[in-house]
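Look at the two complexes coming up: subunit A is in both, with subunit B in one and subunit C in the other.
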Partner chain A sequence: MRPDLEMVRAVFRAEATELLAGMEQTFLSIETSAGSEVFERLFRSIHTLKGNALLMGFPAASELAHTVEDLIEKLSARAVPRTAALATLLLQAVDALRLLIGIPNVNERAGVDPGEIQRRLVAAARAGGPPEAASPASSAPAVEGEAPAAERLTEAVPAPARERTLRVGLDRLDRMLDLTGEIAIARGRLTTMLEQPGRYSPQELLAAHRESDRLYQDLQELVMKARLVPIGSAFQPFARTLRDLSTATGKLVRLELSGEEVEVDTAVVELIRDPLTHLVRNAVDHGIEPPQVRKARGKNPMGTLRLHARHEAGGILVEVSDDGAGLDPGRIRDRARAMGLLGPTEERPDDELYQFIFTPGFSTAERLTELSGRGIGLDVVRSNIEALRGAISIDTQAGRGTTLTLRLPLTLSIIEGFLVGVGEETYVLPLESVIECVDLPPTERQPGRSGVLNLRGQPLPFLRLRDHFAMEGPPAERESVVIVGYGQGHQAGFAVDALLGQTQTVIKPLGRLFQHLPGVSGSAILGNGRVALVLDVSTLLRKLLVAPGPTAAA
Partner chain B sequence: MSQPSTPAVVSQYLSFFVAGEEYALGILQVREIIEYDTVTRVPGAPAWIRGVTNLRGSVLPVIDLAVKFGLAPCTPQRRSCIVVVEVSLQGDKLVLGVLADAIGQVVELGPGDMEPPPAFGTPVRVDYLVGLGRAGKKFILLLDIDRVLQGQDLLAAGALKASEAPPVQAETSSKEAAR
Partner chain C sequence: MSAQKKILLVDDSPTVLLMERLLLQDGPYALLSATSGQEAVDTALAERPDLILMDVVMPGMDGFEVCRRLRAEAPTSTTPIILVTTRGGSEHVERGYESGCNDYVTKPFDGNELRAKIESFLGP
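Our next item is the complex of A and B:
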């Protein structure tokens, strides 16, 4: 295959991804509301897809698209009734098209057989009625006799990695180009000035430098803004997910979306999709009760799942809430005791008990269903969120429902950092977690990895970074404690040798060799050219909280 | 290129010194040689990862081969430098710095100048070597740098995550991490 064809195909795939996502949304609402303009839009989408697929060398996808087109035509002319079964079939056709074109499916549905779906689409269009086998369970492999047809259709290409693209308004790009031009001029001027030693005073040079610096900051802000996309694109697939889940579990769930217009960095949208999917599945599987149970409890038989996004100082909040059964502290306590996380007679407040659900391997589900028990748990969700420098918290009321709140930073690449010095090294703490700094009084200065400080009458545990990181060299003359907040209103301190102030920091990932390094979330290059590590406050502290005692830094 | 009579079979190697021994890497793997500058220690990383340094704005991991070979760690001297190499690691291209006490020479080796690695007697594990190169009277150890970083040893970085978990789980999670 010629490489340039592969590039053209990548563009086609990006476009097809959008078209299919749009079609999926429309099919979801086809049973309830569908005016003629909806069908016109559907026609345009499927027609574009059909033509392009053929042009790009996906004849099977084109053929399938053609069948879908036929069926839509019948639907539009009301020659076939709009039933839920038909909608399911059309949704499966979208999956099949994704498979044939090689678009990784966000809904990770397995067992899509394009041949079988093609056959049922034809049957549905011809019979003018719902297909005979349209239950979700029938997405089984095709029967033996149909093998030739299926073989012809599944020329599926191996799914390539998802193309990361973003649409940016041309005027924004133009402004960026203008700014780069202006920066080039300012840089040139500065170079000319520097090449004539003695002619310009340091003040003049500094002024020239500041000029280009201002332009650079404008550019940086513009680039960051260009990366912002509405979070709604991460929410939309859940309409489909919920529909499938409802069919699979027999539960009735309504999806409520709000705050879809809240803008976040495109990387955040990509990375929270999986954690959100998990939380949504969890809410339906564990939270929302079956309709009979809900009725018996005096609730609306149809449960509600809410996805809500809003801005919060320096970040965004995403809430996943259900009006289901809520967490059961008694069962969590029993499970925690069974796992040895809690002593046999030890009691904890409910808030702390809920935190156990983030422990690896923790599940109170009595049975493993198709949905849960897939081997990933809330611990993975939490570590994914923390990898985004976010946090997750739970709010639950027995019988009333559960809300999981994700707190995420607006952008992933630049943070306000607070620099601290430990021995020869400098570390960066995210400024948003820093509350205040105090001197460590000499009376509290017992050697050791950690200690407790009397902060205005309250005990404040602190971690001495010098000992925790096993630094060599003599201890500092005086030490300071940076007080940080973590979790829900908890505070702790880091004892450091020097406070070096705050600065804007560009975070660089540490790369594959340092994957899964606890307590370090990335690195930053300092003004003096040295590399400083960015510390991950919550994992650093959690490591201590989970495993008290002298666990040596590996 | 100085011997145009046999251009196809002669390959060039860059030699450098680690713990008194001369090693060489295929020159196509070497991107550049930079001066030794401060290397930031990464707490929790395996001992053979010296740390990270700034390579014109990107973060470069620096490897101490001496530790990897089971010798005493390299002490930076005036002539110390970092050889920036491109290695392939489980299908990915990775740029790494290799700490060297000094740079040796560029040697050109034809097929006649290379011997297979001896069964024993070399200061490093035989599977880290692709062969011995004959440069004048002495032999230079030709390193297989991809191999040096591959396999079990790499798990060390992943296993760190497991260090906080009970040892029973440590093994499984390090396998996961490596995947």
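Our next item is the complex of A and C:
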């Protein structure tokens, strides 16, 4: 019965996560726009949660849900006024329910005390008036047994590792099952043909093989499609984040979402949540000005934060824009000089100055606030995005605002790869970054990690993988350079022993031991059963360009 | 050998459906499921289950309404219906009997109690 129970728990958590997220969105706008149908849905959600929590052995969560249900019924009947203070309390109740059930909160918030929330909900429902606006922080250790019911609510539930579940439409699963059947038939036919030597021509065998291969590819495509979910589920929690940030900073911010229906791999949605959270906090903290300042500058006192997603050439693009103050090149220059990143008299164009904000430890904010000064910088955001084979770029205008653009692959697990051989090893480069291949001129074939090649009159920095990976053994007769593109029209090369052509590979994450290996983003199993490392082009190139060879200063 | 007895499970919560399935899967029953009131009515009329185990609070058509509709149709006018309610719903029990259900269980239900109730209608 154990594995079954695990399965029920996973389903329960997934369902509770969804129900709570839905309620959270509704509570955000409950003061203004709530028709009876909205309340009916709320009531059903909390009622289901209450019952399920009981079934799964979370009596405290069920008790709290019961109180919320009670309050919702009163709100629906207008026996209790719909106020902002009450909305805040209900949002805190959502946090408390997450805590009690052991669902990770998207935005970590200062200590939620379920017992305290329970008491205030009961008071609000009884009084029919707004609850006293005691902040949760000020009442942090308030577990001194007041009401016995409230005490029971503080039983701790260890937070489990995040459940990885996904809902897949039954019709999609059925089509997969059909295809599995067809593949079985095709394979059976191929086996029968192979068992009768001489009866079928090689062409016939190849045709039969190709048929089953085609079916397999259809299946692969379906499986990848089943992993696609709308990116909106990663955007919606930010309505809550902004509400909390506005309250904390006194800034007025409106959230504008677009492109929520754009579908991406479920893993992408999970993995961009943290980087996006950081960018959103950053925009509110450093970008958007306080209302008085905005007014004085002739802007709408209410700032706007836009999250926008769209498809772009094989990937997706997510923009985080604010209409705040924009980056100040002067301050970035001063800070870069103070950190020794820039010579005392050295000048750089603004575009290049902006890149410094991705340097570890770089922050020009006069004070590190509680919101964004939490030890994580944009450098971490960038490396997170690059770990997803994505890229981040910045566009800013003084006084008008800043846009950070994330480019991400649609799916994380399958890439079109370009295979190269170095010594005995095979490496995979993402095909999308490969531009062309040229011979390495014999004059450049000397040991040393990097060099610069004359490519049709242009200097092309290159990295010799043989040296980079400290490969032993004699170099090949001929070496080639694979030219890859990065950034805005820049090119660089990798010198390799052999070009082995393109292939579709499934990327597997590296084990924990090798996770932080620089320049490698994963591994892939090749057709011949051997393992190949998937190279992380941007990290490798950054190494090459940050520490250029003596002649690579161009 | 007579055909397996069919039980229709109705709930809009996947957690509850899965739980009920696990509790009953070892019994001599064929299990069907529906995730809304309308689907419950359609499935009950098409499949003629021997027993229906049904949630009360569901979007669209609730459990009471499903009971009333099924009682009004000849093929399901006497099908045993057990309602699943949640604590604090004494008015649910009353309304449930009014709408024509035969019995009810309260969450958190006990597997043995649930199986015993079902057996009392279907035999062991």
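Note that the second predicted complex is superposed on the first by the 518 of 554 C-alpha atoms of A that agree within 3 Å, B and C clash if a C-alpha of one lies under 4 Å from a C-alpha of the other, contacts with A are read in each partner's own complex, and residues count from 1 in each chain.
Note that in this section a contact is a pair of C-beta atoms (placed from the backbone, for glycine too) under 8 Å apart; a residue touches a chain by one contact, two chains touch by 3 or more.
Since the structure is predicted, the reported quantities are computational estimates derived from the model, not experimental observations.
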| item | value |
| --- | --- |
| Combined model on subunit A where subunit B meets subunit C, clash or fit | fit |
| Dominant contact partner of subunit A by residue count, subunit C or subunit B | B |
| Partner chain in contact with A:Val11 - subunit B first, subunit C second, else both or neither | second |
| Which of subunit B and subunit C A:Glu425 touches, first, second, both or neither | first |
| Partner chain in contact with A:Gly529 - subunit B first, subunit C second, else both or neither | first |
| Smallest distance from any CA atom of subunit C to any CA atom of subunit B, in Å, after fitting | 29 |
| Subunit C - residues contacting subunit A, complex | 12-16, 18-19, 22, 57-59, 86-88, 107-109 |
| Of subunit A, residues touching subunit B in the complex | 360, 425, 468-470, 508-520, 523, 525, 529-533, 543, 546-547, 551, 553-554 |
| Contact set on subunit B toward subunit A in their complex | 37-38, 40-45, 49, 51-54, 57-59, 61, 89, 92, 94, 96, 154, 157-158, 160-161, 163-165, 177 |
| In the complex, subunit A residues that touch subunit C | 1, 4, 7-8, 11-12, 15-16, 40-41, 43-44, 47-48, 50-52, 54-57, 62, 66 |
